[in-house]
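Note that the chains take the letters A, B, C, D, E and F in the order they are written out, and that residue 1 is the start of every chain.
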Amino acid sequence: MNEILTLARENLISPIILSFVLGLLAAWVRSDLSFPEAIARGMALYLLFAIGFKGGVGVAAHGTDARLAAALLAGIALSLVLPLLAFALLRSLSQVSIMDAAAVAGHYGSISIVTFLTASTLLTERGVAAEGYMVAVAAAMEAPAILSALWLAAWRGEGAEKPDAKAWREVLFNGSIVLLVGAFVIGWITGKDGLAQIDSFIVSPFKGVLCLFLLDMGLIAGRGLLNSRGILRPGLLVFAFLMPLVGAMLGLAAGLALGLSQGGVALMMVLCASASYIAAPAAMRVALPQANPALSLTLSLGLTFPFNLIFGIPLYLALTELIMRP
Amino acid sequence: MEMHKAKRVEIIIEAIMERRLTDALIGSGVTGYTVLPVSGGSGRSGQWTREGQVSPASGMVSVICLVRPERLDGLLHAAFSVVERHIGVIDITDALVLRAERF
Amino acid sequence: MEMHKAKRVEIIIEAIMERRLTDALIGSGVTGYTVLPVSGGSGRSGQWTREGQVSPASGMVSVICLVRPERLDGLLHAAFSVVERHIGVIDITDALVLRAERF
Amino acid sequence: MEMHKAKRVEIIIEAIMERRLTDALIGSGVTGYTVLPVSGGSGRSGQWTREGQVSPASGMVSVICLVRPERLDGLLHAAFSVVERHIGVIDITDALVLRAERF
Amino acid sequence: MNEILTLARENLISPIILSFVLGLLAAWVRSDLSFPEAIARGMALYLLFAIGFKGGVGVAAHGTDARLAAALLAGIALSLVLPLLAFALLRSLSQVSIMDAAAVAGHYGSISIVTFLTASTLLTERGVAAEGYMVAVAAAMEAPAILSALWLAAWRGEGAEKPDAKAWREVLFNGSIVLLVGAFVIGWITGKDGLAQIDSFIVSPFKGVLCLFLLDMGLIAGRGLLNSRGILRPGLLVFAFLMPLVGAMLGLAAGLALGLSQGGVALMMVLCASASYIAAPAAMRVALPQANPALSLTLSLGLTFPFNLIFGIPLYLALTELIMRP
Amino acid sequence: MNEILTLARENLISPIILSFVLGLLAAWVRSDLSFPEAIARGMALYLLFAIGFKGGVGVAAHGTDARLAAALLAGIALSLVLPLLAFALLRSLSQVSIMDAAAVAGHYGSISIVTFLTASTLLTERGVAAEGYMVAVAAAMEAPAILSALWLAAWRGEGAEKPDAKAWREVLFNGSIVLLVGAFVIGWITGKDGLAQIDSFIVSPFKGVLCLFLLDMGLIAGRGLLNSRGILRPGLLVFAFLMPLVGAMLGLAAGLALGLSQGGVALMMVLCASASYIAAPAAMRVALPQANPALSLTLSLGLTFPFNLIFGIPLYLALTELIMRP
């Protein structure tokens, strides 16, 4: 417990987390501070490329093994299963419609790449290593949850738009998945030599860019929260803080079962605990247009994202520490 | 200057549906359209702005389409089939165009 | 396709006044509006472009508002109260809209 | 509110011709115009989008010009002289404007 | 005098100043060189974050004292007083309307953060240290001048729009103030450790980004000047070059009275000498819409800004050298 | 031959080239991956500034000689002559109209700065030095080809719009030329000291930015190619791959005649072999609006650019190796 508090405090005084908090505060005092959309998207492209590339270099350095495949499969399975849990939990905690619950479920089965890379950064800061291929696991977990969400909506009798070939391509070759996987493969192919060529672009400035990006995310999350105060019932609040914990426990179990390193387990927890607010929302809008997008976004970006960033990550890390470094 | 009657159709639709809409428009025989970026707005589903956003999920675009009056109905059916289940608005104004050969 | 009469109001106003304008519009009972970015222009107060600019002080936005004809007057009063002392233009065109329930 | 008849002219033209067009407009006695960015479109010369582009060669802009009806002809001649050999479309709608002193 | 010329020459051949000159020249030959608005705003966000953060780290490193509070108060007082001087000077030198004079006065009481960070950079280059909290002083001086300008307009009988709560919030929680102060606080909290984490983002590339940013400012300033040639009467020209000198003298007095270091005094001079063209113009547009924005901008961005960059900064620095290092 | 293959293979596994290939693939699977226009333009501005600056520093370091002037003149002459060759070749290989052929010719006489800076980067990676002033030669070769293209169109009886003063200024003070030359001059003036101040901005992250930029170019080139499949006749394909070789041979001859270093000769080949898709297209649109822009762009960006990047550069480099390092 003490450990957890120490970690949480250390986490809180990292420039990365403080930048996020600054964004929240700026939104709260209704400052007009804002990032141009192009800059926000540009930073996201940079971060995806960098984290993918570094993951690939990691795999090139330490070789790969059967665990990679197992971890990918586990990720896909978790991404498929988590929405069912989320759906059940949400329906039991609140009165939201089936359509809305299905859409929210899709968000929570998918992953938040920003939470993932914040966690990776904080791990590195603490000198905790993780498998490079966790990036590939992250990519693999983006899409399957969308399937489950559609299935949930269809199963419960509400006519979700049946995804056509175009919709499938959109989900599978989604920009962030392609960039993450592509950079991962490039990193894998070019290995340490490739990294040496571009590390002063993708390694050194990474944390700084992450600060600015999280500042922007803080602004977005804070403003979203302010605008959507009205829809927040207690049941929803409970869901937004409980679901990541449920996800994290599943991730912990999976990580331990897979025999991942401490860092790998922590990242698996983060992936399961986090909810998408980039790829999944778009897929949900296309397929479940009747669902209220403000609900999913408020829960995933407004509540679960800050929760994970500020409390979740140190908590998950402390748990792996307790369990795996006895 | 010789001018020709036309309809100016303005379709404000979710950005994620842009491709589907323009495909439908072309399918309906429309010869051209123009897409304007939209930076924010408000409607029954709330207020929004693109500032600082990375997700393509939120945000709209405005598609402008000039057509000969006789093509309007086909266009509207095509557009409506896409917009129907999604948020968005469609308005039509009477216009004159130069260079009728283009429409 | 069933269409309904509406007015299309286009308000080109200084970007710094956007929030005040949209608040006034909503106050006047408007159910929706769409904001288009503007990249440059010219008027009595000179020519301008947003290229390379960092200050929010210069630059305009275009706010498009589709309303039922009977709401036009309220909207214009609200808009004018904001635009009055500031630079900007307002134009109104007759339009038809689909989905009247939205306006 | 007192309103005045005006014409709303919308000229969608290649971005590289923007300067030549606005110079011609001003030359024709127009008192103001507004330039809207365009993010993509389609026409006889194919489909295009500005995403990821660096060259100014592709891409269009939309120039909106509100004028008194009696000025329309001069404006159109000026605009047409520029657009003539280039791709682009021009449409005109009837509009009402507030603050006639500005046009 | 010799000293001043040497400094001015050295200053002129810095890549930073030359980039600005390149922007002016490109505007002058009517090149179509231009930066996308999003990139310009993105660079500004980066520069504000970096300078704020470094200022905070400086305070964390050297501790703080009563001087911080005194310097803040002095800054606020100067920002309130400078507009009165500017107003009187402008009205005596030219025929501009009261409204226009009030708006211009607001610009000159407020500060140009770009001039400030160029000066900071040139100081560091010369090895002249300055108090980290000068960044906070800069932030504190942004807004008070706006008050004075409104008071001037009201006092002289012209109905300035009375600022409502919304207007106040806009001015006080203005994006650039919030970012500057926020980054300052984060830097203060995280200190040297925080800096170590992100210095390859906010320290190493800083000067290069500043080059590109000043190139853009050169383009903007040059084009503004070309467009507004028509309004430039001799009295206005005199004002644009005299007012920064007047401000600098006040800043010198204040800096010496406060007992700041040589670098601190030079920065105080720069703050007083510089005129805002980011925050103040927006506030003036909202409150004094009848004022001609081209006038204020041409004076502050077209004339005073280049003057300070090219001649002012080396001059102020040389003066502090003469006075403080006898 | 073996040498060439080895070089080509090494080239192919550079992160830079792989990023480009990733872009092509993403376009091919119709991923929605895309860069905001502002970010693409921002990266281009950065790359132009950096390459120009470094070129100037190179000249400052090694001094200059009569060869600089000779190389500039040779570049201008080549840029004037290449369009005539391109025009003749294209007309003999395909049925395109005179107007279209003239426009394409303008593209191939002008240069692709991205190809140039990729080649420079790959040269540096291999430790092959080149004259810093090749950057100036690149800038000098941008515009003359446009003249030839207009002359071709006029000569063959089709009324090209006669370029007025405005058109000339647009071509000569074109943004990318001004930035390249301006940065070159700044680099020259400030020399090694200037570079030391900003090298962690313009040197270290350069390759990484180039990766992202080429990823974007891959997306654009790939999508352009997909959209324009219809217009690609065999004769055009032959032209797109033959013309760069013809250009490269001319460049080789010129480089050897000028007595350039191995790197300089290779860059001269690259300049002649590459076709413009930034500056020339705009000039051609203004002057030859009847020409089909899709044709020029598909050839230059869709075919010749990838050809040069993937096969051309290693080939040209291997040739200089064979000839100049016996």
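In this text, a residue touches a chain if its C-beta (ideal position, glycine included) is under 8 Å from a C-beta of that chain, and two chains touch if they have at least 3 such contacts.
Just so we're clear, the structure is a prediction, and the values are computed from it rather than from any experiment.
S.K.: Using the contact definition given at the top, which chains are in touch with both chain A and chain C?
M.R.: Of all the chains present, those in contact with both chain A and chain C are B, E.
S.K.: More C-beta contacts across A-F or across C-D?
M.R.: Higher contact count goes to A-F.
S.K.: How big is the rotation relating chain A to chain E when the fit is done on Cα atoms? Please round to the nearest 5 degrees.
M.R.: Superposing chain A on chain E takes a rotation of 120 degrees, nearest 5.
S.K.: Which chain has its C-alpha centroid farthest away from the centroid of chain C?
M.R.: Computed centres place F farthest from chain C.
S.K.: Taking each chain's centre as the mean of its Cα atoms, which chain lies farthest from chain E?
M.R.: B
S.K.: Starting from the mean Cα coordinates of chain A and chain D, work out the distance between those two points in Å.
M.R.: About 45 Å separates the centre of chain A from that of chain D.
S.K.: Where the CA atoms of chain D average out and where those of chain E average out, how many Å apart are those spots?
M.R.: Distance between chain centres: 38 Å.
S.K.: Round to the nearest whole Å and give the separation of the Cα centres of chain B and chain D.
M.R.: About 18 Å separates the centre of chain B from that of chain D.
S.K.: Name the residues of chain A that each touch 2 or more other chains.
M.R.: 32, 34-39, 41-42, 200, 204-205
S.K.: If a residue has to touch 2 or more other chains to count, which residues of chain C qualify?
M.R.: In chain C, residues 36-37, 47, 56, 93-94 touch at least two other chains, as defined above.
S.K.: Would you please name all pairs of chains that touch?
M.R.: According to the stated criterion, the contacting chain pairs are A-B, A-E, A-F, B-C, B-D, C-D, C-E, D-F, E-F.
S.K.: In their shared complex, at which residues does chain F touch chain E?
M.R.: Those in contact with chain E are residues 36-39, 41-42, 45-46, 49, 53, 169-170, 173-176, 178-179, 182-183, 185-186, 189-190, 194, 197-198, 200-202, 204-205.
S.K.: Which bits of chain C are touching chain B when the two form their complex?
M.R.: These residues of chain C touch chain B: 1, 3, 6, 8, 22, 26, 31-37, 61, 64, 66, 93-99, 102.
S.K.: Give the list of chain B residues in touch with chain C in this complex.
M.R.: Within the complex, chain B touches chain C at residues 10, 12, 36-44, 47, 49, 60, 62, 73, 76-77, 80, 89-94.
S.K.: Flag every residue of chain F that touches chain D in the complex, lowest number first.
M.R.: Answer in residue numbers: 34-37, 40-41, 44, 161, 166, 216, 219-220, 227-228, 277-279, 281-282, 284-286, 289-290, 292-294, 297.
S.K.: Over in the complex, which chain E residues touch chain F? Could you list them?
M.R.: Residue positions touching the partner: 13-15, 18-19, 22, 25-26, 29-39, 42, 125, 200, 204-209, 211-212, 215.
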